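Working notes for the structure below.
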Amino acid sequence: MSDVEFSATEIMTVAASRLLGNGTVCFVGIGLPSTAANLARLTHAPDVVLIYESGPIGAKPTVLPLSIGDGDLSLTADTVVSTPEIFRYWLQGGRIDVGFLGAAQIDRFANINTTVIGPYDAPKVRLPGAGGAPEIAAQAKEVFIVLKQNKKAFVEKLPFITSAGFLDGGDAREKAGIPGGGPTAVITDLGILTPDPVTRELTLTSIHPGVTVEQVKEATGWDLKIAADLKTTEIPDAAALTALRDLQARTAKAHGQNAGGEG
Amino acid sequence: MALITPLREAVSSLIHDGDTVALEGFTHLIPHAAGHEIIRQGKKDLTLVRMTPDLIYDQLIGMGCARKLIFSWGGNPGVGSLHRFRDAVEQGWPHRLETVEHSHAGMANAYVAGASNLPFALLRGYTGSDLPKVNPWIRFVECPFTGEKLAAIPSVRPDVTVIHAQKADKRGNVLLWGILGVQKEAALAAKRAIVTVEEVVDELNAPANACVLPSWALAAVCPVPGGAYPSYAQDYSQRDNKFYKDWDPIARNRDSFLAWMKRHVLETEDFAGFMRVLGESVARETV
Amino acid sequence: MALITPLREAVSSLIHDGDTVALEGFTHLIPHAAGHEIIRQGKKDLTLVRMTPDLIYDQLIGMGCARKLIFSWGGNPGVGSLHRFRDAVEQGWPHRLETVEHSHAGMANAYVAGASNLPFALLRGYTGSDLPKVNPWIRFVECPFTGEKLAAIPSVRPDVTVIHAQKADKRGNVLLWGILGVQKEAALAAKRAIVTVEEVVDELNAPANACVLPSWALAAVCPVPGGAYPSYAQDYSQRDNKFYKDWDPIARNRDSFLAWMKRHVLETEDFAGFMRVLGESVARETV
Amino acid sequence: MSDVEFSATEIMTVAASRLLGNGTVCFVGIGLPSTAANLARLTHAPDVVLIYESGPIGAKPTVLPLSIGDGDLSLTADTVVSTPEIFRYWLQGGRIDVGFLGAAQIDRFANINTTVIGPYDAPKVRLPGAGGAPEIAAQAKEVFIVLKQNKKAFVEKLPFITSAGFLDGGDAREKAGIPGGGPTAVITDLGILTPDPVTRELTLTSIHPGVTVEQVKEATGWDLKIAADLKTTEIPDAAALTALRDLQARTAKAHGQNAGGEG
């Protein structure tokens, strides 16, 4: 295996995992966020604290959980509390450094839709719904969002705001009285978007190697701003890639797949 | 005082058409056997409540048992959509399904408020979300000391809650462990609680401060070994991830769904019968 | 992240004059050693919070550490009055003590609200009691769905909470069991939590769903074996009921109280010193 | 031991214990209520469920607890939950059949004072305070109160109502919106008082053998009503007396005494 061969999903996952500092207390969504968070734990951030909404605090799963309530999460956690306690004492209690979320759709101010495509009362597509996201997005000190970038997902206007990013931008989030700092990074298979410090509009600040700016703009449903000092995302190092692939191989062996959901 | 009761009798005597029913479980300990028994007995017009409606709710909805669903995340965990749920919401099949939609934080707090005999739950929640625009049951109250605005939603107070647990003793005291979800709160929020258990033992030997539901707080305890399948019971069984994936093509199509339900649920006598026929189906596939 | 710290340093660096401090414990696991250290260090002007202020609060009040007491039951359990508490309230000695008085249900809910980062607690409470007439912090709010009137009291959010527990591991994760009272809520409601523990072990080996406080939610973990004495730590020590009875005549009189505190607390270096001198006093009595 | 020799405290305790039916879920105050409730459990009501506010549910102590948080309560309970859970899910949740309370003072409508003698702001005697009593008195389906009868305790007007009985009598309690049924019996060392069904004024309905009505009136700070069909309290049977004395002997051996408090 050469260390420069990697897929778009792999660089997305590794880039997302790198953002998670050691010792961070992270409220983990299932799926891509959980993969990135566990990769961080298995590489540069051994003391990251992973909290899942089903109750495990300090989970150290040996394989990726297929669902939010896998037994491996419970058996490896420092403690398992009730779901109400997770939301009341730990999330609302203000103890979460990073909320790590996925999304079906996102807009330029990092608001998220996971509820419906089309009108709420007569939806074209009924998505699973909010789950823990509205309060994770509101109450974690900062939020990372990881999802694949394309025009169906990155839209000009969301049919439904499930979870608040920066609402209409600027200081709209603060004015609405939302306590947490909001999204600080959106990590995709094409690059990394971060909110402008003033307008809070998502801006492409890092592009993955081999991807063109045109490709990223083409995959975005609004006129995407590009940072003047656009960086190229560091390529995944061999150790991280190996750890990720080992984790996924272990997971495939245990589960047969590694997608995820909140049920 | 909970009597140790066969599941069929508990469902028959304790769940009525039109009831508000919560079958709770968070991946772990989902009471599938009880859901099947509700379908077998043809219960109708139920208001179903659950944070994470999954396969068993897809089945209840597809079989026309539900009039309304109160929920916060409806999907097939690790796989994708609940096709019967989507068909009900998107196409009104087999009939229109009213939905009341919350966030997990809201629902979890609503169960706590229900268990606490409070009319509403108080939380920091929903701010900036469109959920309050489509759910008239999300309101806001002011703190009488600070003036802060906080979300208020009605308590969940089911007529019946059904959960699955690992153990009961012969008196009907129940012990569960591992991922507890909102099960304790859901059981205590309900007028009547039914617990299916893996086994009945002489003594619970519960660790200090374990999650124990005393017999006298429950309406019925029903021994159903493996009754959470394809969900799992920690230290008793593994989640059958393959079943969740296999459900996707079955549920995508109305006819294949109905045929599957007929063969595996309606025409089986009980959960043991379901497991036997399911075993036959799986064996046939893999020949 | 909680550092394993000597108690003296934790009290010195984390508790400041004027702080709101809760030393919680419900007969079991009362942090007496920490209370003594607060007295030794001469902390002043504290707002003390506790559901059941007992001997250690009698001592803190009698030694003039407290400006205010928020509480719901102040007595010497099984014996009678707290004479120093009564002297402060009835006679203003050593100075006036402001009191804010609740019921247990109110205080317990106020800790829960504090741990949940809510500005107030909501409960069915105080109806028909005169407490709302003398405590302006008991107000009433209306349910936005049913119109019912419910009691509201401010959250308890101490600057510092101190609790005693059985075990910590070397990373500072804490495990407690048995009668838990409001200790978990009190620790999580505070800006800074100090936990004194019976022992530090390699691994907690906590049972599923046990009461564990992770290191990163705590400010300091201080090994103080026997630090709950004369209270107890289940599976480590017995409550010394005799001490509670012996306290009554000591505390009845200002001079005997001051002499006792000087000899046993002010002039001892730490809790081990206190236990040694107490042992000498008891031996002298029984000669 | 003859079975007709017993003290006033013994007949009070046995009479109180007899009121507690088997299978009843009882929220127990420390001291006299705890003695009576445990005596019931050890005699005619083996399946009574004793709940203490410190957290034990289904406690079966071998000796009387000296305090509300004795280790014996925890070690013998079906489960031990947190104190907030006791008050939220179990008491406020409406699961308590009988609240069993003591009191420092009581008035004719069974309101209770455990807060102060004299003015609140300049008390003559500062009592321990409310503890769990206000919500136990309000939310249990019914309430038994056990205390010794004398003019200091049975007063015309309470300086402070800590916990509501029937307030001003009649339907005042219901009008105030208090959910539980209120006090149904006050058991003293002289007799048993029960509220009149309409006025809710405490009436002497049972008098202990050897006690005169004059004695009871003399020990009451208001003009005590006497039931037309005043009964004589059944004397304690030998089995109950033996059980009580054994319990107290075991307790004395373990603790040296058996008074109690909430701390």
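Each chain gets a letter, A, B, C and D, in the order it is written, and its residues are counted from 1.
The criterion applied here is as follows: contacts are C-beta pairs under 8 Å (C-beta built on N, C-alpha and C of every residue); 3 or more make two chains touch, one makes a residue touch a chain.
What you are looking at is a predicted structure, and each value in this text was computed from that prediction instead of being measured.
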Fewest hops from chain B to chain D - one hop per pair of touching chains: 1
Higher-contact pair (C-beta pairs counted), A-B versus A-C: A-B
Euclidean distance of C-alpha centroids - chain C vs chain D, Å: 28
Distance between chain centroids, defined by C-alpha means - chain A, chain D (Å): 57
Centre-to-centre distance between chain C and chain A (centres being mean Cα positions), rounded to whole Å: 41
Per-residue multi-chain contacts in chain C, two or more chains: 112, 117-118, 123-124, 148, 178, 180, 185, 208-211, 234
Residues of chain D touching at least two other chains: 74, 80-81, 88, 92
Graph class of chain-chain contacts, one of line, ring, star, complete, other: other
Contact pairs between chains, per stated definition: A-B, A-C, B-C, B-D, C-D
Residues of chain B touching chain C in the complex: 117-120, 122-124, 137, 139-141, 143-146, 148, 150, 152, 154, 177-178, 180, 207-211, 234
Chain A - residues contacting chain C, complex: 23, 25, 49, 57-58, 74, 78-81, 88-89, 92-95
Contacting residues of chain B [partner chain A, same complex]: 26-28, 51-54, 71-82, 85-86, 89-90, 101-105, 108-109, 111-112, 123-131, 134, 148-149, 178-182, 184-185, 232, 234, 238-239, 241-242, 244-245
Touching residues on chain A, where the partner in the complex is chain B: 30, 53-56, 66-71, 73-75, 80-84, 86-88, 91-92, 111, 115, 120-121, 123-126, 128-135, 138-139, 160-164, 167, 173, 176-179, 255-257, 259-263
Of chain B, residues touching chain D in the complex: 1, 112, 115-118, 173, 185, 188, 206, 208-212, 214, 216-217
